[in-house]
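So that we are looking at the same thing, I have put the structure below in structure tokens.
Each chain gets a letter, A, B, C and D, in the order it is written, and its residues are counted from 1.
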Amino acid sequence: MIDRVRELEDALDEYVRSGQTIMVSGFGRGGVPFSVLEFMADRSSRFEGLTLVKNDANEPDLGIGMLLKRGQVKHLVSTHIGLNPDFIDQMNRGEVTCELVPQGIFAERIRAGGAGIPAFLTDIGIGTVVADGKTAVELDGRTLLVERALRGDVALLCADVADRLGNCWWRGSNRNMAVVMGMACDRVIVEAKRIVEPGEIEPENVHLPCVCVDAVVQAGERRHVAEGRHF
Amino acid sequence: MIDRVRELEDALDEYVRSGQTIMVSGFGRGGVPFSVLEFMADRSSRFEGLTLVKNDANEPDLGIGMLLKRGQVKHLVSTHIGLNPDFIDQMNRGEVTCELVPQGIFAERIRAGGAGIPAFLTDIGIGTVVADGKTAVELDGRTLLVERALRGDVALLCADVADRLGNCWWRGSNRNMAVVMGMACDRVIVEAKRIVEPGEIEPENVHLPCVCVDAVVQAGERRHVAEGRHF
Amino acid sequence: MKPDEEIIVRRAVRELRSGMVVNLGIGMPTLIPSVMPKGLDVLVHSENGFVGMGQPDPSGTRDSDVIDAGGRPVFLMKGAAAFDSLMSFALIRGGNLDVAVLGAFEVSMAGDLANWMIPGKLTPGMGGGMELAQKARHVIVVSRHLDKHGRGKLVEECTLPLTATGCVSTLITERAVFRRTNGRMTVCSIHPDHTPDSVKEGIANVALADELEPW
Amino acid sequence: MKPDEEIIVRRAVRELRSGMVVNLGIGMPTLIPSVMPKGLDVLVHSENGFVGMGQPDPSGTRDSDVIDAGGRPVFLMKGAAAFDSLMSFALIRGGNLDVAVLGAFEVSMAGDLANWMIPGKLTPGMGGGMELAQKARHVIVVSRHLDKHGRGKLVEECTLPLTATGCVSTLITERAVFRRTNGRMTVCSIHPDHTPDSVKEGIANVALADELEPW
């Protein structure tokens, strides 16, 4: 039987390297792989010079906020960074660069990367700074922007339930960017709040099929967090 | 409370007209809206000159095979017509036209239509007759084809479970093209094998959200079908 | 909720009709569910992955599994659907939203919207704002009438980076409702505590509709 | 299963390794699950919406809710995932298939594949064949050695409309296994009942590998 359950450290050792492009799931505090990120922040010299792709910059000292603060990140591709003033300061000091992408285009570019679609055309962002520097084309009398697929070396995801094969299921608002990121990276590590046997997730309700997943690791008990502080 | 459950005849009267482009779910015999199609075939003069978009041509006298045989269809966009020799004969006699599209590109073009993506670039079909007549573009040194979004006036879907709001869920291999078709049409009629109250489908397990659906009708008891014959 | 905010969001709710699919942006728009009257059956879309979002969940924390786009815990109504960002924005771009209620830094007389960046000062990012502003059938902006420097939010031309051009249908402040009519924002309703003069405070060159709607 | 088919599919199974993700095309490839040995843990992908497809379900009908791409009822293994066509082909194009086993009308010496149309005679359509042929890491074609007119399936150049160019890694017939080596199909293994001469019947100009693999 295929079994992708691994120790967190083993999986990170095998798949994650300094300098990689890493996609991280999560929207606000929902669906963020906190255990994996804490492990990486605690060993900052092993995981440096990263390009992160994440919906938002989390909060200072939380999630990717820890990696940003420790200077492990050289570039962030994101849609919203408003809850992390420390990161905005780092950016303004030129310590890190950031590409801001409209959220739906962010999801769509990652999905394109996962789905083998090299590029797509869109009218989103026309007439705004988002269009600056992008190729525009005419199609059936409309001006459209060419948006390119985005892929990563590794995806770090947090699922509510994963089975030993790697099939994943998410609760409520935790799914956000996880499925498309799981499709768009060469290696996919899933931190699961609950690991179950194959067959416990109904086939029709699997959100991310196991063929995309390389390792399932048990999420740690999350330290209670409120208003950006650990307790 | 919003309640989209309707009588089949009322929904078809309100939304379906001769000459429309109609997307029909189903792959083989799975997920085909047989009750709606039988109703339309029985009233062929009310539903003529249709352009159908369907994964396959069904079998003679089955599903869209009935509409094809009665001459209600002028054009079919499909991926596979091999199980309907009657239709191939009609096509060879010039009574109906057919555009064959690679199955994944078929799904992707419909999804693009539903997701507000005017077009996408792909390498699928390059070096084959599928590329004939299509715009080719260069991107990052690769030659790619421009594939345009596909939309329809009406989608006719068969779901295994729908709630009164219109949220849908499919069993096994019945989902196939239904979700993307439900997103890509101005009006969506779902024939449901089972109609349930809102909340009975877990929010996370909804396959097609209710905002895409205009009417839910009860599927009839399907006459048993084996090897293309009704019993 | 502060008094001005309550005036604004209560007025905004009256723009909604049963059956509508409505997205509520981060900030003041997320106050709307708490003032929604019984019997108004709108389906609330939240870009982080729901249709059918309900009231705030006072027992939840920001670590809840069901949060709105602003990170606050919420309940779901019966019949809600939860999905990922991909589906969420496919629904937005596909034209399934009747209304988006958004905040603003600036709205121009032509209906341009700027709400995601103040260069050198504030760069929260656009989040899902560009798609919402471009693709919802009606974009309602809710905002204080004046910013903290006493400048009106309705300006002749936006000076900040745009979210989308010509997208705003309606601007609701605590003083007035402006609607885009013949391509230009026009005063269509005035709050009972205000007058045409106080509505025009800080705003150059705005016309009144021939007939004002009741507030 | 006819004797020739059984020889072909049993040989094809021996190309598979545990852990592989494998798609089985319509026709002869769908016979493969029934000859898969215990202990060979492949994940079978079916383009109509599964990963983890199992054995045929003899109790099912073609109206079953769980059918393969050829319309036949099947069981799912524990841990299977069911999804729609969109996800299914995203997985294919995204490079998640190790192997696709397909049928053929013609395979050219350069590895071109024609399997979806015989103009004027047979137009079944390409179904998902183009994506499978272009995007699976290894494309294995299973086919009778000769067509019913006695012509070999392996031809110098395809005369029929192509499914994809240069895509075939391996061709397995009841007489031989051909692999694309340095851009040209080469005989790599010969069935014990056959000889280099009988393998070359109906096929022009095919070379033998320096060292043949055991069948």
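Here, a residue touches a chain if its C-beta (ideal position, glycine included) is under 8 Å from a C-beta of that chain, and two chains touch if they have at least 3 such contacts.
In this text, all values refer to a predicted model and were calculated from it rather than measured experimentally.
A.B. asks: So if I look at the partners of chain A and the partners of chain C, which chains show up in both lists?
C.D. replies: In this structure, the chains that contact chain C and also chain A are B.
A.B. asks: Roughly how far is chain A from chain D, going centre to centre by Cα mean, in whole Å?
C.D. replies: About 36 Å separates the centre of chain A from that of chain D.
A.B. asks: Round to the nearest whole Å and give the separation of the Cα centres of chain B and chain D.
C.D. replies: 28
A.B. asks: Taking the mean of the C-alpha atoms as each chain's centre, how many Å separate chain C from chain D?
C.D. replies: A distance of 55 Å separates the two centres.
A.B. asks: Among all residues of chain D, which ones touch two or more of the remaining chains?
C.D. replies: Expected reply: 50, 76, 82-83, 89-90, 92-93, 135.
A.B. asks: At least two partner chains per residue is the criterion; list those residues in chain A.
C.D. replies: Expected reply: 108, 111, 115-117, 122-123, 170-172, 175, 203-204, 207.
A.B. asks: How do the chains pair up in terms of touching? List each pair.
C.D. replies: The set of touching chain pairs is A-B, A-C, A-D, B-C, B-D.
A.B. asks: Given the complex with chain C, which residues does chain B contribute to the contact?
C.D. replies: 1-2, 111, 114-117, 163-165, 167, 183-184, 197-199, 203-204, 206, 209-212
A.B. asks: Could you pull out which chain D residues touch chain B in their complex?
C.D. replies: Its residues touching chain B are 46-50, 61-69, 71, 76, 82-86, 88-90, 92-93, 122-131, 134-135, 161-165.
A.B. asks: Report the residues of chain A in contact with chain B in the complex, numbered from low to high.
C.D. replies: Contacts found on chain A: 108, 112, 115-123, 137, 139-140, 142, 144, 146, 148, 169-172, 175, 202-205, 207.
A.B. asks: Show which residues of chain C lie in contact with chain B when the two form their complex.
C.D. replies: Touching chain B from chain C are residues 18-19, 21, 41, 43, 45, 50-52, 76-83, 87, 89-96, 135.
A.B. asks: Which residues of chain B touch chain D in the complex?
C.D. replies: 27-30, 55-56, 78-83, 88, 91, 100, 102-108, 111, 122-130, 160, 170-180, 207, 222, 224-227
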